[in-house]
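Notes follow once the structure below has been shown.
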Amino acid sequence: MTTKTALVVSAHSADFVWRCGGAIALHAEKGYQVTVICLSYGERGESAKLWRQPGMTMDRVKTSREAEAKKAAALLGVHDIQFWDLGDYPINLTEAAFFRLVDVYRAIHPAFMLTHSKEDLYNHDHPTVSAWAQNARITAQAHGHNPGQKVLGAPPVFLFEPHQPEQCNWKPDVLLDIGSVWAKKRAAIEAMEGQEHLWEYYTRVAQQRGAQAARNSDKKITWGEGYQSVFPHVVESLA
Amino acid sequence: MTTKTALVVSAHSADFVWRCGGAIALHAEKGYQVTVICLSYGERGESAKLWRQPGMTMDRVKTSREAEAKKAAALLGVHDIQFWDLGDYPINLTEAAFFRLVDVYRAIHPAFMLTHSKEDLYNHDHPTVSAWAQNARITAQAHGHNPGQKVLGAPPVFLFEPHQPEQCNWKPDVLLDIGSVWAKKRAAIEAMEGQEHLWEYYTRVAQQRGAQAARNSDKKITWGEGYQSVFPHVVESLA
Amino acid sequence: MTTKTALVVSAHSADFVWRCGGAIALHAEKGYQVTVICLSYGERGESAKLWRQPGMTMDRVKTSREAEAKKAAALLGVHDIQFWDLGDYPINLTEAAFFRLVDVYRAIHPAFMLTHSKEDLYNHDHPTVSAWAQNARITAQAHGHNPGQKVLGAPPVFLFEPHQPEQCNWKPDVLLDIGSVWAKKRAAIEAMEGQEHLWEYYTRVAQQRGAQAARNSDKKITWGEGYQSVFPHVVESLA
Amino acid sequence: MTTKTALVVSAHSADFVWRCGGAIALHAEKGYQVTVICLSYGERGESAKLWRQPGMTMDRVKTSREAEAKKAAALLGVHDIQFWDLGDYPINLTEAAFFRLVDVYRAIHPAFMLTHSKEDLYNHDHPTVSAWAQNARITAQAHGHNPGQKVLGAPPVFLFEPHQPEQCNWKPDVLLDIGSVWAKKRAAIEAMEGQEHLWEYYTRVAQQRGAQAARNSDKKITWGEGYQSVFPHVVESLA
Amino acid sequence: MTTKTALVVSAHSADFVWRCGGAIALHAEKGYQVTVICLSYGERGESAKLWRQPGMTMDRVKTSREAEAKKAAALLGVHDIQFWDLGDYPINLTEAAFFRLVDVYRAIHPAFMLTHSKEDLYNHDHPTVSAWAQNARITAQAHGHNPGQKVLGAPPVFLFEPHQPEQCNWKPDVLLDIGSVWAKKRAAIEAMEGQEHLWEYYTRVAQQRGAQAARNSDKKITWGEGYQSVFPHVVESLA
Amino acid sequence: MTTKTALVVSAHSADFVWRCGGAIALHAEKGYQVTVICLSYGERGESAKLWRQPGMTMDRVKTSREAEAKKAAALLGVHDIQFWDLGDYPINLTEAAFFRLVDVYRAIHPAFMLTHSKEDLYNHDHPTVSAWAQNARITAQAHGHNPGQKVLGAPPVFLFEPHQPEQCNWKPDVLLDIGSVWAKKRAAIEAMEGQEHLWEYYTRVAQQRGAQAARNSDKKITWGEGYQSVFPHVVESLA
């Protein structure tokens, strides 16, 4: 495979924007084909503003959420965005969806994979998805699963930032400079019209992570994203 | 400064060999000037074999340990090895030594720094040195310390592997491929004649870390060293 | 809603007595309507004394356990006690029960909620119930669940004390003075005739937590209960 | 019951060899009847070498894995090895299998029980089995489960070593001297023909654990196995 | 004592502003007399901007830092601010200073006490001061220290927010609404002319903690400060 | 050496009674010679009742505390009790005292060693002593310390129970049945006349640890003590 790829597994249709929009845009610019799986629309638990409109229905919420997510994905340069409509609060992670995700891993062989934090006190769907998506990655590595297909290697997994990081025992060990694509991420954030109350919150998150990245390096960095690595980094140099 | 440098702060004169000999040799080959500070000779606590010889004296132990360490350093390509003779079991970390270490940071501006683990149930000198050496790094960053000197930036700190990693709550998040310099590390290990009982032990450590590095990547790696990062990695790409 | 309410989710029918009987009685006296959900009777795993009687049957165990729990609830001033009979060891937390619990949250809008610890080496039902009950709380917060109902706010969650606290990595950060209602709690404890071996054990627990509460304040406190908070405390003063 | 017994619950058919072959052989020599439950053959996820053979089928993989495991079990002195064929990657832990395991606990009343670590980043089946097998142990302790049977006491549970111990947050607090049975364990390891790449890896693990056991005692120990205890040790002496 | 008091122990002269300026102003408005101890001026490690001025001297830095801190203290309503001039990077916590701090505890009997986090990778002075100030609190509780004086009770200790919270393993369990005094805190922040690069950073911190406080309660909160409690909360109600 | 020995290092003169009186009495009965080092009398921080007497002086407090401790030691069968009078709150652990403790290790070669917990929020002397006493143990193992003396082996270290175990992150992994010597421990507790308020508290601790020991084994145990092991247990059997 000559084209490099990356995979994002997002519980609800907006998570990929707030939590790793910068990484997506950055790698898209580097030529990576980024696939984003939105397992649900967040139609029940993350669409409060829509539900305050009179006469709202579940279908209209989903339609609206999908449109927003597609717009954001286009702004970020996402190669493929998929909506699996598994429901939310709680999410229903079926066996069929599990093997569908295994198939995605086998189909694209991502260079790295992004998903939710291991814990989230405020959102049970997030850690459930994280464990499940990592489990599917392991099945994709099994030689006896669909023998004949090329098995998955060992793509690193990075857990993106939850809404209240300390409460979720999430600790970033990787800080990504997203300054060159911040304008794209901000545009994608603004595409999330149903969650306008989060725009400034996540803009400030990017500023704080940027300032921390600058402090942890000798570089001028203004905008950042934090990630927690699941696996050790295998390197050829410490500098 | 055009030459790249690295700093190793080692409690006893052999620690740098077992714990980061591969990193030293690897970076020396890449052109780094590596400075190794041996704060003591490990003359009391890590020279059992020598003390079993009849008529042994403290001076003879130190002389022997220094010779071994110098031989190993030469094999690894160390640029500068210093023996500060601060005593061991327990080590005596004086204020003068503290500012001497600050001066070293300021003099060489290392690209990265290696020292002991945060905890070590078996060796009180190790964690004491680790905290102290990191503290000196922070003083070297202070603009008001020797104003006029160029202040230290933010070189990453990596904690090398203690003798019994799990008992020391040490967890490697960086695995370094040292295959290309393994022969040098093994030769340096064999230079430690007073601790022959550790030769095979640390050879096996390198094999296990190598196998783990292979498993965590898609690469053929046979020999490795593990490190625990103190600070987050600031990166420009996740792949 | 003018009446204040509280919710207790208890895996087995006696847990609410040992673990939070003081909190129930105290808040009942303050005018709170406390709802207790007993998800099972503990009929298999926590009724050893009953099973030692000749000719015992599952129905008789359940009947006996329900009678004891009702008697204790009355003594503590419980407003509403419900027995959901989901089985124990292992408990069977059905989807229907999940949404029934969501309905309870929506119906009473508790000011706070009490449930089991996050871990329990000795009792798999306890942590399973804890995670499940907290998950239901999150669904009750979702605007898209039964749109039109008033969504749940953010009631604090407190995890009550397991049988062997250190082994369960449970750490109390809240100590409640239950001196004024201790007599009621002791009476409720004695209503648990099938578990007489625990009466003195939990009396001592109350004494130890009371002594610790006194030590952590400048107050005379004799009887206490410990709780572990799930969420940060939002306060208007630190004193 | 006059014969002493022990129970090993292994996710895949080779785990019991690498991870606790020494403990099995040692206790078999002491007269313990050791029962090993292989919940799956590891036919999908741990049989890469077999799947590289042309024309391989699932049935042939299972047959081969069972033959290897039986051979190893015989070499170790296993009393009873059972293959439950529940599938792997992911394993399918059915309710029927749960109660079958409860029955095993009740039937043999093991003096101790061995299973997987609590976490394993590389293998989702391992921690899933560990929690499940411990849960079955708790049900076997319930007086109301199959009343009339003798209930299980409180056999200690030891978690054996995962492939990458630090990454799994596994920490050994028990080191077992397996020197007297090492030859048997090595022979059993070599019976695992399909995983020859692991022979030397686990031989080195045994050497490192042996060296650590020697260091933590005043004994000559060469070969060891590490275990993490789940429950506190109840003792009559500290020496 | 009828006047309520509070104590802040700050390693460097600006810490009390960024980290707990809101708590100071809030409690000052409630009538608390707040004493702030600045153990050093942060003259070496936290005065980079000043040191960039030509001809700067240590005395001029200290004078400037003291003036800024006094101005901020006045804006926040601090009752008593003391400068102990113990040096920084590293701080020199003398025995005399220790007993001087014990005297302060005994003199004012604070209702609560604020100091630094337990860990801080970026600043060794912070955790050193935190442990030392808590140790002095314990000596102030000892009946045999200056017998005849009234001993200190058990004032709660809150650890304020370090610069990079996750890296310091600092986790807020108390969120304080500082909306009513935010204007004062912002003015005090702007009094720190030598650290202008931090003004916006800590303004954003206040916004994020405010948003989190709102999310963890049912209240409208815009500006907040986070604290980590050292001791359990002794309470008379859970609501 | 044919007589078995044990060492207890206690920060204050009563700690050995509350925290490990049972272990002392039990091993004394088994023929162990137990040495107890009381580093201070707890004369300032743990003698509140004495200081409430009119005209009390430091000397009288020390005399009274020494008498109580000697009486308790006799009741427990202590072989040698030493009072080093190093002061308390805070304790002053001198270099001379350090090497004196090294000499004790070398003189008695204890089969095991008991000291304080690693953390104690309420008592800074306790963790300070624990780390220091373990450090001395390591120096006693060094071949180059007083060459010619027999070096110390690897005696296990057990940390006894602090006053508020969960707050100190202390977790018992060893539960010792002290039923056969409980009467002696209770008598020793009552010898601590100056701390009568703790008699019942520590009696209840023994009952709770006894009940927990019973639950974790299949034995009838009524009175217990809990310990946290520092090093892994090296064993020859898992049962």
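Note that the chains are named A, B, C, D, E and F in the order they appear, and that numbering of residues resets to 1 at the start of each chain.
Just so it is clear, a contact is a pair of C-beta atoms (placed from the backbone, for glycine too) under 8 Å apart; a residue touches a chain by one contact, two chains touch by 3 or more.
If you want to know which protein each chain is, UniProt gives these names: A, B, C, D, E, F = PIG-L family deacetylase.
None of the values given here were measured: they were computed from a predicted structure.
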Chains contacting each of subunit C and subunit F, listed by label: D, E
Path length in the contact graph (subunit B to subunit C, fewest steps): 2
Type of subunit A:subunit E copy interface by residue overlap (half), same or different: same
Per Cα centroids, the chain farthest from subunit F: A
Listed pair (A-E, A-B or D-F) duplicating the C-F contact set, over half by residue number: A-E
From subunit B, the most remote chain by mean C-alpha position: C
Whole-Å separation of chain centres (CA-atom averages), subunit D against subunit E: 53
Geometric centre distance via CA averages, subunit E-subunit B, whole Å: 37
Where subunit C touches two or more other chains, by residue: 122, 167, 172, 212, 215, 226, 231-232
Inter-chain touch pairs (all): A-B, A-C, A-D, A-E, B-D, B-E, B-F, C-D, C-E, C-F, D-F, E-F
Of subunit E, residues touching subunit B in the complex: 43-45, 47-48, 51-52, 56, 58, 61, 88-90, 121-124, 167
Touching residues (chain side subunit E, partner subunit F) in the complex: 98, 131, 134-135, 138-139, 141-145, 147, 230-232
For the subunit B and subunit D complex, residues of the former touching the latter: 122, 163-167, 169-172, 200-201, 204-205, 207-208, 211-212, 215, 226
Residues of subunit B defined as touching subunit A within the complex: 4, 6, 23, 26-27, 30, 32, 111-112, 114, 153-154, 156, 158, 172-177, 212-213, 215-219, 221, 226-227, 229, 231-239
